[in-house]
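So, here's a batch of structures to check.
One chain, subunit A, appears in both complexes that follow, with subunit B as partner in the first and subunit C in the second.
So, the complex of A and B:
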């Protein structure tokens, strides 16, 4: 009875895994097909799937050849994504961890009320803040620059909430001991807090990276120069793009988040607890 | 095992980003090397007898045209930007009126607009077809 239950559980898990992995397998399979073969199975203009083919008739690296050697615009868009994402992630992790430390461990007037305002900001959907942000960017004269996407992404209520929860687990006694030894708050932050919230930092890095890496609305609204568009917009613009190239670009687009996940996989498992090494 | 995965991930990331950076930096050069290189010339408004005060009769070198009976196919290059050497190739049908050792006398066919300003392709490094992107190479002449 126990064995049947276990087999049944595994069958369900395998089916669920297959469902979630299907888009990635489909993208990988199509990226190795010739453009003619893809056009036979897909017709985005008529919004129809003629058939689903996961095994290429003839294995071809034509799409990758086009992306990496013939169509520089896709490589440039990849770097646009990097230019937008990298500063956003670094700055957000820095600012969120500092703010989270202040909200969790420092005592100052209106601390809890300010944190409540942050929680309210967290509830606001992105679309609500797009127009006010646009007006602010316009007044700052940074529209149509990478800063217009990087700056709003730098301050995140979600990041502060996530890291505040991680920092809350750290006992006051270690901070007080450091204060008695004459350590400044910055030293306490870098030497005591940061090493203990590694899991939270890696989790925030990965989530911010994915959020910023796949941003579509903000660049489309803040950029008028299409040359500044990140790769995420090209991948979602299936009407004007070459189907085969989109699949190859999708694989290229998938690699950086996957690398970050693989690098921080061990730490990401415990974002609210201290690092395993401590 | 975890440390090994981390190390492999870092190495792969460095290789991946370096490769993409190199390919992006040299993308123009690589693309130009892979494009068919073509040489072009222009048609002359004239007939085989040398009359230039005529309409819709052009002399074109024999290397420009692929003949099929009384008609022929020519390829011309249209520059993507005014100053650049990259161009798109278009196909055009012409009617053949006559020929001598060097030239064909042709005229417009099927409503296609043939003019003396077209950059007619007479030499190409690779096979070309309608809509292809090509790189126009300027003919170098000896000073002598």
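So, the complex of A and C:
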């Protein structure tokens, strides 16, 4: 009885995992198919039901060859994505951790009120701030430059909340001790706080990376030069036309975030699992 | 300088970079936006733009759809991910592989997955193939009320794992002694969940809710990726309205719409914070 129950539970577990992983496996499998085969899967004008097939009739790297050697434009878009994402992530992690330290461990007037304003302002969806931001960018004369997407992206409530939460669990006593030894706050920040919130930092890096990596709205509105569009926008367009390379492009696009995830995986779960309250 | 003053100065310095950014990219834009929303051309019209908006069909449609999505998708996602978290917690050990797979959907960029969703949901896609094989009628996921269902499914699939991880962390911290003593008193599994586990993870529930709220506004990316600029009317969200109005460069109308959407969210947040503060979960 007990045994059947646990077998049953494992079956559910495996099914669940399959649901979460399926799209990746599907993408990978299809990225090694030849364009003819893909066309059969994706040509929706033919009135036959599509089947989901995972094993290529013939294994081929044709799609990757196209993307990397024949169609330079996709690599250029990929590069645009990198130019937008890297500075955003770095700046956001730096600014958020600085502010999070002050909000979590230092006392100053209006701290809680300011924190509330931060959360409210930053939680507002992008669509609300896009318009006003457009006006400001216009005045700063940075429309149609990468800066217009990078700068606003560097400030986020999520980053400050997440890191504030991790920092909270560091005990006051270590900070007090350092103060008594005459350490400056900057020194406390770099020597005591930062090494202890690695999990939070990696998580923030990953989530910011994904967010900025898949940004669609900002570039579409702030860039008039379509050559500056990141791959995220282009991918939505080629879905209708370029069957031959769509899967390879998709895989190429998901590799950077996946690598960061696999690299930091053990640290990523720690801010959620070691703290007793979130 | 006293110790206290020193600390305050240090705090201000730490916050300064982000405060500057927030002033330039959020506070000032807001003020401009609010002022713009009160004018039409160069004429002051007061709340005129707002009133006009509410008689605009596409605006009310967008507002309605956004509200429906938020009200259905968020509670549904919370319940599903909570149940999965309970399920995972019932295992003594779980291999790292299963846990890693939970976060995969959040990691994959929207744009990479468009084709996958199309193969599934198109009129002649895999799901309809399956339905037909079972003798049921096809569902038009791209041009019927079912497009909302599709978007909700995608939303849940994407963020479910993330919420499950937050919930399992919360559940792992419910003291085992509580559960054991309840068992001794003869409580059944359902009572243990509702009376002991849920009340003990309220802070986690709040955090998950906040995260989901933030993410629910990002669903526009999926909608854009799947439908382009002009989606089916059932998934025409606020964001679509704002984006499409960009091309007409109708600033006053856009600004008014932004302010309304902000008020909508600020109200949700205020309720949330007041409730949280009352129960003392902030700390």
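Going forward, the second predicted complex is superposed on the first by the 259 of 278 C-alpha atoms of A that agree within 3 Å, B and C clash if a C-alpha of one lies under 4 Å from a C-alpha of the other, contacts with A are read in each partner's own complex, and residues count from 1 in each chain.
Convention: a contact is a pair of C-beta atoms (placed from the backbone, for glycine too) under 8 Å apart; a residue touches a chain by one contact, two chains touch by 3 or more.
Bear in mind the structure is a predicted one, so any value in this text is a computation, not a measurement.
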{"item": "First (subunit B), second (subunit C), both or neither touched by A:69", "value": "first"}
{"item": "Touching partner for A:192 - first (subunit B), second (subunit C), both, neither", "value": "neither"}
{"item": "Subunit B versus subunit C as contact partner of A:247, first or second or both or neither", "value": "second"}
{"item": "Subunit B versus subunit C as contact partner of A:136, first or second or both or neither", "value": "second"}
{"item": "Subunit B versus subunit C as contact partner of A:221, first or second or both or neither", "value": "second"}
{"item": "Partner chain(s) touched by A:29 [first = subunit B, second = subunit C, both, neither]", "value": "neither"}
{"item": "Touching partner for A:265 - first (subunit B), second (subunit C), both, neither", "value": "both"}
{"item": "Touch count on subunit A, higher of subunit B and subunit C", "value": "C"}
{"item": "Contacts of A:79 with subunit B and subunit C, given as first, second, both or neither", "value": "first"}
{"item": "Contacts of A:147 with subunit B and subunit C, given as first, second, both or neither", "value": "neither"}
{"item": "Interface residues of subunit A shared between complexes with subunit B and subunit C", "value": "265"}
{"item": "Contact set on subunit C toward subunit A in their complex", "value": "4, 7-8, 10-12, 14-15, 17-19, 21-22, 24-30, 32-33, 36, 84, 87-88, 90-91, 94, 97-116, 118-120, 122-126, 128-129, 132, 157, 160-161, 165-166, 168-170, 172-173, 203-204, 207, 210-211, 213-214, 217-218, 220-221, 224-225, 228, 238-239, 242-243, 246, 251, 254-255, 258, 261-262, 265-266, 269, 273"}
{"item": "Contact footprint of subunit C on subunit A as seen in their complex", "value": "9, 12-13, 16-17, 19-21, 23-24, 26-27, 30, 41-42, 44, 46-52, 94-96, 98-99, 101-103, 106-109, 111, 114, 116, 118-136, 151-152, 154-155, 157-158, 160-161, 185, 189, 206-207, 210-211, 213-214, 216-217, 220-221, 231-233, 235-236, 239, 246-247, 250-251, 253-254, 257-258, 261, 265, 268-269, 272-273, 275-278"}
{"item": "Of all residues in subunit A, those that touch subunit B in their complex", "value": "68-70, 72, 75-76, 78-79, 252, 255-256, 259, 262-263, 265-266"}
{"item": "Sites on subunit B touched by subunit A in the complex", "value": "2, 5-6, 9-10, 12-13, 16, 20, 23-24, 27-28, 30-31, 34"}
